[in-house]
Amino acid sequence: MAAGILNSVPASAMGSGTNLPDKSINDVISIKLPPLEQPTEKEQAVSSVSMPKDKRIGYAIVGLGNLSLGQILPGFGASKYGKPVALVSGDADKAKKVAAQYGINPKNIYNYQNFDNIKSNPEVDAVYIVLPNSMHEEYVVRAAKAGKHVLCEKPMATSAAACQRMIDACKQAGKKLMVAYRIQYEPHNRLAMEWVRSQKFGKVKVIDMMNSQNIGDPSQWRLKKALSGGGSLPDIGLYCLNTARFVLGEEPHTVIASTYSTPGDERFKEVEETVSWQMHFPGGAVVSAATSYGVHQSRRYRCYADKGGWFGLDPAFEYSRLQMEGSHAEGNQEIKIAPSIKEVQQFALELDHFAQCILDNKTPFTPGEEGLQDQKIMEAIYESAKTGKPVKLQTITTIDTFRGTPPKGDS
Amino acid sequence: MAAGILNSVPASAMGSGTNLPDKSINDVISIKLPPLEQPTEKEQAVSSVSMPKDKRIGYAIVGLGNLSLGQILPGFGASKYGKPVALVSGDADKAKKVAAQYGINPKNIYNYQNFDNIKSNPEVDAVYIVLPNSMHEEYVVRAAKAGKHVLCEKPMATSAAACQRMIDACKQAGKKLMVAYRIQYEPHNRLAMEWVRSQKFGKVKVIDMMNSQNIGDPSQWRLKKALSGGGSLPDIGLYCLNTARFVLGEEPHTVIASTYSTPGDERFKEVEETVSWQMHFPGGAVVSAATSYGVHQSRRYRCYADKGGWFGLDPAFEYSRLQMEGSHAEGNQEIKIAPSIKEVQQFALELDHFAQCILDNKTPFTPGEEGLQDQKIMEAIYESAKTGKPVKLQTITTIDTFRGTPPKGDS
Amino acid sequence: MAAGILNSVPASAMGSGTNLPDKSINDVISIKLPPLEQPTEKEQAVSSVSMPKDKRIGYAIVGLGNLSLGQILPGFGASKYGKPVALVSGDADKAKKVAAQYGINPKNIYNYQNFDNIKSNPEVDAVYIVLPNSMHEEYVVRAAKAGKHVLCEKPMATSAAACQRMIDACKQAGKKLMVAYRIQYEPHNRLAMEWVRSQKFGKVKVIDMMNSQNIGDPSQWRLKKALSGGGSLPDIGLYCLNTARFVLGEEPHTVIASTYSTPGDERFKEVEETVSWQMHFPGGAVVSAATSYGVHQSRRYRCYADKGGWFGLDPAFEYSRLQMEGSHAEGNQEIKIAPSIKEVQQFALELDHFAQCILDNKTPFTPGEEGLQDQKIMEAIYESAKTGKPVKLQTITTIDTFRGTPPKGDS
Amino acid sequence: MAAGILNSVPASAMGSGTNLPDKSINDVISIKLPPLEQPTEKEQAVSSVSMPKDKRIGYAIVGLGNLSLGQILPGFGASKYGKPVALVSGDADKAKKVAAQYGINPKNIYNYQNFDNIKSNPEVDAVYIVLPNSMHEEYVVRAAKAGKHVLCEKPMATSAAACQRMIDACKQAGKKLMVAYRIQYEPHNRLAMEWVRSQKFGKVKVIDMMNSQNIGDPSQWRLKKALSGGGSLPDIGLYCLNTARFVLGEEPHTVIASTYSTPGDERFKEVEETVSWQMHFPGGAVVSAATSYGVHQSRRYRCYADKGGWFGLDPAFEYSRLQMEGSHAEGNQEIKIAPSIKEVQQFALELDHFAQCILDNKTPFTPGEEGLQDQKIMEAIYESAKTGKPVKLQTITTIDTFRGTPPKGDS
């Protein structure tokens, strides 16, 4: 394999941004207090680092469903570089209530018809698209055309072609585009990535992964192929796919897959219930993954290495309380380990990374190209399941090929 | 034991409050979304419930040390009924920075001299005292005199007499007083309390508890007796003491204690390093507890019951990622259990409980009387350690004798 | 699927045995003592149940390698129905030492040439074949011809054809044949099986499994294809395969597989390093499994069900300290569970089951047919990996089709 | 504290033994096989080390209750240096059955009247006393007078005076005396001891310990003071006491205790239900311990150290599946660890240690003096609980003052 070439894709292709005239990363305020405990204890000196409220990146949230109300808007409570300044919803009454809860000016409420008017709203620096998958393309393009940077939920779209059009639109508008791959900003998963890359227990040669949940109401958009683009794979299986690529830094050259849906289950008339697939990577790693919409929730993975240890996360992809675990040999002992790191609000981390990229004119760590690559692999997985044959993908031997500037550590 | 008499102390003695004219618990906004998963999965329908920003209780934070900057001010990000509106600090520069970070009007910055001017600031509904222990009394009294409700950090003060004066001052001013016993509002500990009270595995007859941390800088105020009132006991041992009382609902009638400080350790010239003590309760429960400022951090307890099970928390008293655990017999199996509940911001919970009590004119669950009772027991512990004899306390046979209105469930 | 037909294969086809004239299951001695603890505690009344030493089934152990010296011979220390009475080894000196350690009459030491002389040794009731895989066929056949019942280590042989010949030879000799599938007798795995079959948390629809170890010395027989028949798959991957079939009770109709061996690794010149495969079962269950000889040891599986829970074992296939684990929803809690059962000596359990079958003239739970079926599936896995296509197997809709009499509970 | 003086008590005072004429430690047979796995994996080369059956120490087991039938006799199945050769019981029928199960010559069955006849039985090298506590003295003395080495269950006796008489009798007879402190031979607890002594995470300054079980049948001898000498303390609390002394290597100088028994509970008419006590050690360690006969089983302890870590066992004192656990700081992570070591049969370990001491003429690691010291401390605990005052003990500043030759590692 060639030596890792970070950012081999030119930044221009990932959407560069002009700095905002009145907001800058240099405005950040940092307060540090001395530690209270012995130096042998966990590092825990309190530091309060954040942008002044009036210098933060203003976000418009597009779509007020479960994710926006349950995670993203509460996530701003822990954000240090962003703030919610506008809402876009088809339900004016709900939007009004939410605006009151979060102190958002009711004048900054939009609907899907007048959404393009954000162009003239200087409070909105960036737009966060939290809509059904099939609508991502339209709203990313409209946001870019309105001159706003765009953060888009995963999966990026429902086809590789759409992903490419979204990248092109942002590039043309000179605006940044980031796909909201929360896991790539989350500290436990980042530690796993570091342990893979630093070969803490040797080279990782096998990873097994599972992401499942038991989906309910058959009428929800996630189960309509035209809106979702697929079933468990693009919604939750994508975490396995994207996280495997992230921790390894490599791209799979071959996928082998099969799917299964329970006959007669009305939830799975249009989209698949369960997918199990294998991915082979250039460095020799084999990933064995499964995802299902039909069983109890479990979100886990383990990376098995060749010098006396393995490690992983369980749970791996939840919104909170992630747990790293591992096991390694020491003499005649086998030692299980469970490192824990400060609990964080994961959505705040991605909101802040994107805000920092805008303030500092950097390419996001997970730009549109990262989402496009996942979409290509998902299409290969479906093809393999359909044809019963391994599907080859373009062989890529560079590292972190589709990623931009890494997120800063805890600031 | 007499049947449980909830709120046996008249509410008037706990500080009743007049409702705020322009803010009411009825202003709360509630949005509920349907669940996405099967009914057999964990309940997780998203609900967004909070007061509009402009109707929330405005807090003045007094003292900008580790706890305020590291936990309380960030905690407002998750608060649904409160907001920070004023800061009180001896360091004007730091206060200005913090105000900018949290969007607090710089006009609402006070120092210890002009603190009493909050009286004329209508934005301030309540004051949160986050100062060294020996200063609690003065600032609680001044806040009450300024006509504000008061939330005071634990330990409430450095003597029972001071506690009583604080209660009296708030009563006289007609203002509510709450001691910030975070654990009594935290869901994992509340579940433990419910399991004790409902006798899930029978009657709890023994509890063992430990709260330790390895304190650093010998010059910090926590190690100066005049400022702290004591060492590990009032700072962290208090969690054991208060949580034992909370889960049992009873008051100890006897304490037996010993202390130890490493000779020559400059941290423990004025205050004790380690305390181990036993508490006997009217219902027969025996609590064996220890606390130390001189060893690695551990915060845990277990409640041992007489019908086939035990349960507890480990960690029990951290700011996040608490974990309940238990073990019980089933046939020929011993089953370990680890229930988990949604991660919460614990300071937001207590900020919101106090705000709700103010908005709804209720006595807080942990009023000044609760802090006074702990102070009396700590004085008995020190006396036992000093005299080498068991110390008897007033026998109290009612339940939750010093507590007010229980916090509402997750709203 | 048809209703479960236990023992659908006639017992005659599985090797029936004539009872031994002087030994009978009725000779068992049972002593029971009253429990010392409260009935709410785990059942633990002591019972001592075993055959008198002189009425136990006498075993000849064939092969004195790691498994015999490290597990099987020590395992007799916990056996209640068997005893070691003869040794077969090519190393006379080692055999003599082992005989002294275990109190075996040195006259009962055989080598591979004079092995057939056991025919005339009345102390030997049964033979346990613990040789390299490719030698299983020869020694099972010779043992049967010598008129002895045969317990054979897994994998049963290196081809389905050989398995069939072994079954035929035992049938012809009127002797019982059992394959040493330890896991099917082990209590934690049996509890998992019961939870699958009783649908404790609903129907199990997905299982993910991993069995890995980092094999050393490249010259060992396990890495020579002529001796082992394959690499990680028949040695350790077989545990996943066999345990999935066991807990479900069903037989897979389709397998999809790929293999990988690190280029240049001298251990994997002849046999494969890593196999990942998927199995689809008639009831709809999907199994995603992986096995590797090239990474740190991990042996685990989880069964994901459709009514609010999952469960599994980790470690699942070790010789001791297996651990069951699970997680299920209860209201707004997710509860992890870890049932534990009395530690047992697993080899004693299979030695005793086979001894009981001989004493009681029953078909073993894992007769030769069980080993043959695994061999057929392993051949399908290799074929799928080679051709890059799913491989169909005979569709079988009965339950426990290749199994005999279930083992008795803890006696 | 003075430097550790191992074996400061002259061996002669601990009971020296004459070697057996026809048995020697040199007769041990050792077979070692090469490891199968990579050197980065856990050490696991198989070694088979044991005495020939006919050279092993022959034990007479006195008393056929729960412990003998449930643990000790089965334990011989894993013993490498001992074998059961005689039984002593008041129930001839039971003894006959047990003899048949374990292949013991029925001529070697004794009762409490003819017990002294073992003197003339050359098969019996040692006697293991497994009787109610109050009978230990008589049978240890009779065994010594019969010229046999003696292994005595814990607690050693029901008074310090009796302990001294037992030591004296064995000394006079020139026979070895060992108290069956299983935990001091068990690998997980020994690892904890090594971590304390090597200061793995710094100096251990606090230990908290709990040992509880919910005792049943009120008529059992354990609840009759004349037979047991006490309640939870000598039976299970002793594990806390003895293990604290073992891991620290020191002797407490002060104890502070209280007891509690549920009024009206018929189990606790004669003996105490719950004891909680504190022990202060010369090096500054504080032990906070509790034991109870009235709550669900839990057996645990933690050692808290002053350089960033703690460790302990949970469960700590069970017969199997002990688990070590710990937690330590590394940078900004807190890492939980759970080392595991090969599962062992704990009774075999102590049977083998005593057998090795006899064969090799060494003083056992836990001689009578160790039992006497525990008895003195238990008497101080009862005194403190009775008087409500701290009780001082003789200050001892040497290390492992009452212990003999450490057990050999896994052979």
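A, B, C and D are the chain letters, set down in written order, and residue numbers restart from 1 in every chain.
The criterion applied here is as follows: a residue touches a chain if its C-beta (ideal position, glycine included) is under 8 Å from a C-beta of that chain, and two chains touch if they have at least 3 such contacts.
Listed by chain with UniProt protein names: A, B, C, D = Gfo/Idh/MocA family oxidoreductase.
Computed from a prediction, not measured in an experiment: that's the story for all the values here.
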Interface residue identity across copies chain A, chain B - same or different by half: same
Centroid-based (C-alpha) most distant chain relative to chain B: C
Between chain C and chain A, distance of the C-alpha-averaged centres to the nearest whole Å: 44
Where chain A and chain B are represented by their mean Cα positions, the distance between them in whole Å: 37
Chain A-chain D separation of Cα centroids, rounded to whole Å: 56
Chain A, residues touching no fewer than two other chains: 38, 40-42, 202, 214, 296-297, 306-308, 329, 334, 340, 342
Chain B residues within the chain A interface of the complex: 29, 31, 33-42, 46, 48, 50-54, 65-66, 69-70, 73-74, 76-79, 94, 97-98, 100-103, 213-217, 220, 222, 296-297, 320-321, 340, 342-343
Chain B-touching residues of chain C, taken from the complex the two chains share: 38, 40-44, 191, 202, 306-308, 329-342, 410
Interface residues, chain C side, partner chain A - complex: 201-202, 204-206, 208, 210, 212, 214, 254, 256, 258, 260, 262, 274, 276, 278, 280, 284, 286, 288-290, 292, 294-298, 302, 304-310, 327-329, 334, 388-390
